[in-house]
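Right, one structure below, let's go through it.
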Amino acid sequence: MTNDTSDMKIARPLPSYLIQRYQGWKATSYAENKVWYRRLAEEGQRPRAMVISCCDSRVHVTSIFGADQGEFFIHRNIANLVPPYEPDGDHHGTSAAVEYAVRVLKVTNLVVMGHSNCGGVQGCHDMCAGNAPELEEKTSFIGRWMDILRPGYEAVKGIADPAEQMRALENQAIMTSLKNLMTFPFVRDAIEADQLSLHGVWHDIGGGGLFYYAPDKDEFVPV
Amino acid sequence: MTNDTSDMKIARPLPSYLIQRYQGWKATSYAENKVWYRRLAEEGQRPRAMVISCCDSRVHVTSIFGADQGEFFIHRNIANLVPPYEPDGDHHGTSAAVEYAVRVLKVTNLVVMGHSNCGGVQGCHDMCAGNAPELEEKTSFIGRWMDILRPGYEAVKGIADPAEQMRALENQAIMTSLKNLMTFPFVRDAIEADQLSLHGVWHDIGGGGLFYYAPDKDEFVPV
Amino acid sequence: MTNDTSDMKIARPLPSYLIQRYQGWKATSYAENKVWYRRLAEEGQRPRAMVISCCDSRVHVTSIFGADQGEFFIHRNIANLVPPYEPDGDHHGTSAAVEYAVRVLKVTNLVVMGHSNCGGVQGCHDMCAGNAPELEEKTSFIGRWMDILRPGYEAVKGIADPAEQMRALENQAIMTSLKNLMTFPFVRDAIEADQLSLHGVWHDIGGGGLFYYAPDKDEFVPV
Amino acid sequence: MTNDTSDMKIARPLPSYLIQRYQGWKATSYAENKVWYRRLAEEGQRPRAMVISCCDSRVHVTSIFGADQGEFFIHRNIANLVPPYEPDGDHHGTSAAVEYAVRVLKVTNLVVMGHSNCGGVQGCHDMCAGNAPELEEKTSFIGRWMDILRPGYEAVKGIADPAEQMRALENQAIMTSLKNLMTFPFVRDAIEADQLSLHGVWHDIGGGGLFYYAPDKDEFVPV
């Protein structure tokens, strides 16, 4: 097998461990729900909420909220970040997802969900603390993406306890996204028209806890 | 209730329907697996594959591939698109996710999963066919994101049957992402070092089918 | 899979999305209240009120009145209708439920709750206005059930504004049920013995409002 | 206050304990979800399942299945019975509800849910065993409604243990409804067209258990 990297020839068939799992799903969950899936296909989706969460393999919104097919519009990126509003004509995947959810699907809740032990947030911390020069390079997509969280680092850098500081920075990732969401005119409009509400939650992977941002206390409290 | 949109005060507590579902998960799935979740939290994730799929509420990779916590690093954006390599110092969420998966997590499989009835692909079609001028505007994040698929539209615009054309364009979204992935030096390097393979699949929501891109046939075939 | 429709073989196991939700309830609400549920099972129910409401998925008496287990005896049918007293020996599900609530359980309040956007009332309107001939057929259970509301249509057909007319007809559904309840000797007896009172309310799904029939004004007023 | 039972004057304002609860709901759940409720009102319901359960105050489908507004079309009558198909032009509330769910809403699952300690089933037992002559009278709506379950009594009358016999009769109520559902041409058509599936479950109020009818074993097994 040669690796011809010049074009599509590089693509490989689906690995058998994925095929096997898919076939299990097809014969059970799909078989059980096919009528509903057909209706969802024909009539379109009508999700009640958008959730922005992390790509991290340990955090599944679909598990935690028992999400059935058709219920949540889910965007997942590194560290559940939303960049500020920048209509510069470039490709903005997160902003496009938010626009689609708010303007086209008209979701009623937009939840930003962060989590403990976040590698992206850790990288941001290391970079801002001067311990990851490779992330400072222009060519580092991770570094440039985590730039969004730099103001958050400034807010927590004085915290002495490392674990406490990391959790505070994970919380900042959620708060930064909420603040940035408010810079999108269509998000602000939907909120002012009472058609949308924003929510921030932080999930503790190991302990299973869920905490939401309580604006009156300006902190994350257990649900 | 006034909507003070000036800052974080706008955030609302988590809606009770989500809290109720979370509490059900905590008392069942979490309770059953807490030892494993604690290990995942302490030892970090070690996902075998990255999956790039759509935000669409009807398509859950975690269902279709029976994904347990810790198995797949999942990025979801509109129409499962990967933009070309552009190390310009701007925020590139998708590129950052790919970089993290390939360079940090060293996943062995990278699967791009598209699907039927895709609203993002439909929007691209309408825009390219001249039927959605609002998507042509510079301020349309959806339009600018779907620009990535313009070459794909050129490839399918001659197909007469509308349903066939849409499916072909959904396939193009997957192929475009695979081609663009090959423009990332670290992706190409990992493939050439035999450490990574790319896969493209298309999922039929209503029928439950799964088709993968077969490079020898240059078409999508059922698994 | 063949569909053997000849007998019970047609029944299917409970779909997993319902099992999952049930298991969440079992591990949380049930676990928390099991002592009370065991007492309810052993000692029997002693509901304070009967509520007759619509099958509509958007109207949950248990939510609106915060009903805990054991509090309300609830009958739900299309358009919250009560037919007139007809002791003809046939199966009368609604009349049986009323009889059980009043004579066996001796509830003290009987509430008929209608609602906005009622599909059953809309069907009655279309049928009476001559726009739904299929509902006029003898084999249409929906049509024959909505016949109960025909006198109500006569009372509102002169209202010019369509939205106002629909709301008036939804109110008529409630008033018709209250009038028909008074044709049941055991209902009349219980009221005359000061052991039961009847109430009519109309709920606005979108606006969340609740209006009750005020006999002195002969109209529905906000609570 | 006189009890004028001749007309609508008999209706009373809503009792304050209900008003108080409603106001609590309005200020909390409704306030939190008003955007979604408005959308449900405007766009209509799209429930995935119909549930036929008992009026019993101790059995809330909305709790057990965590039903949010808009999810389940719920018919509740005494002993969760469905009469056989009888298109005789009379008022058939249960048949109308089934017709609406299957033909208009096109639900994909129809669940008949029975329960332990069912007063209606107990009444049927007493009547059939000759211990409740008042239920044999033509004017007894409860008796005539429970006639639907007479064949079920015949099937279990040989069981010696009273508790076992009652549970068997409660199971018969579910099975009888499933069988009767199959006598409705539109139910049979929807099943044969693979658009609907039937399910029977029995709920143990005190123990919190849920059992479904497994056609291959012809018995109820725990979920």
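Per-chain residue numbering starts at 1, and chain names A, B, C and D are given in the order in which the chains are listed.
Rule of thumb we're sticking to: contacts are C-beta pairs under 8 Å (C-beta built on N, C-alpha and C of every residue); 3 or more make two chains touch, one makes a residue touch a chain.
Everything numeric in this text was worked out from a predicted model, so none of it was measured.
> If you take the chains that touch chain B and keep only those that also touch chain C, what is left?
Of all the chains present, those in contact with both chain B and chain C are A, D.
> Given that chain A and chain C are copies of one sequence and touch, is their interface built from the same residue numbers on both sides (over half shared) or different ones?
Because under half of the interface numbers appear in both copies, chain C and chain A meet with different residues.
> For chain B superposed on chain D via Cα atoms, how large is the rotation, as a multiple of 5°?
Value: 120 degrees, nearest 5.
> Between chain A and chain C, what is the gap in Å from one C-alpha centre to the other?
43
> Mind checking the centre-to-centre distance between chain C and chain D? Centres are C-alpha means, answer in whole Å.
Computed from C-alpha means, the inter-chain centre distance equals 12 Å.
> Indicate the residues of chain A shared as contacts by at least two other chains.
Answer for chain A, listing residues that touch two or more other chains: 29, 33-34, 66, 109, 194, 197.
> Graph shape for the chains shown, where an edge means the two chains touch. Line, ring, star, complete, or other?
Contact map by chain: complete.
> Touching chain A in the complex: which residues of chain C?
Residue positions touching the partner: 1, 12, 15-17, 20-21, 24.
> Which residues of chain B touch chain A in their complex?
3, 5, 7-15, 18-19, 21-26, 29-30, 34, 37-38, 40-42, 44-45, 47, 49-50, 55-60, 62-67, 69-78, 81, 83, 87-101, 104, 109, 111, 116-117, 119-120, 138-142, 144-148, 175, 178-179, 182, 188, 191-192, 194, 197-201, 204-208, 210, 212-215, 218, 223
> Please name which positions on chain D make contact with chain A in the complex.
Residue list for chain D touching chain A: 33-36, 39, 43, 46, 48, 66, 106, 108-109, 194-197.
> So in the complex, which bits of chain B are touching chain C?
Its residues touching chain C are 20-21, 23-25, 27-28, 31.
> Going by the contact rule at the top, pick out the chain D residues touching chain B in the complex.
Checking each residue of chain D against chain B gives 28-29, 31-33, 66, 68.
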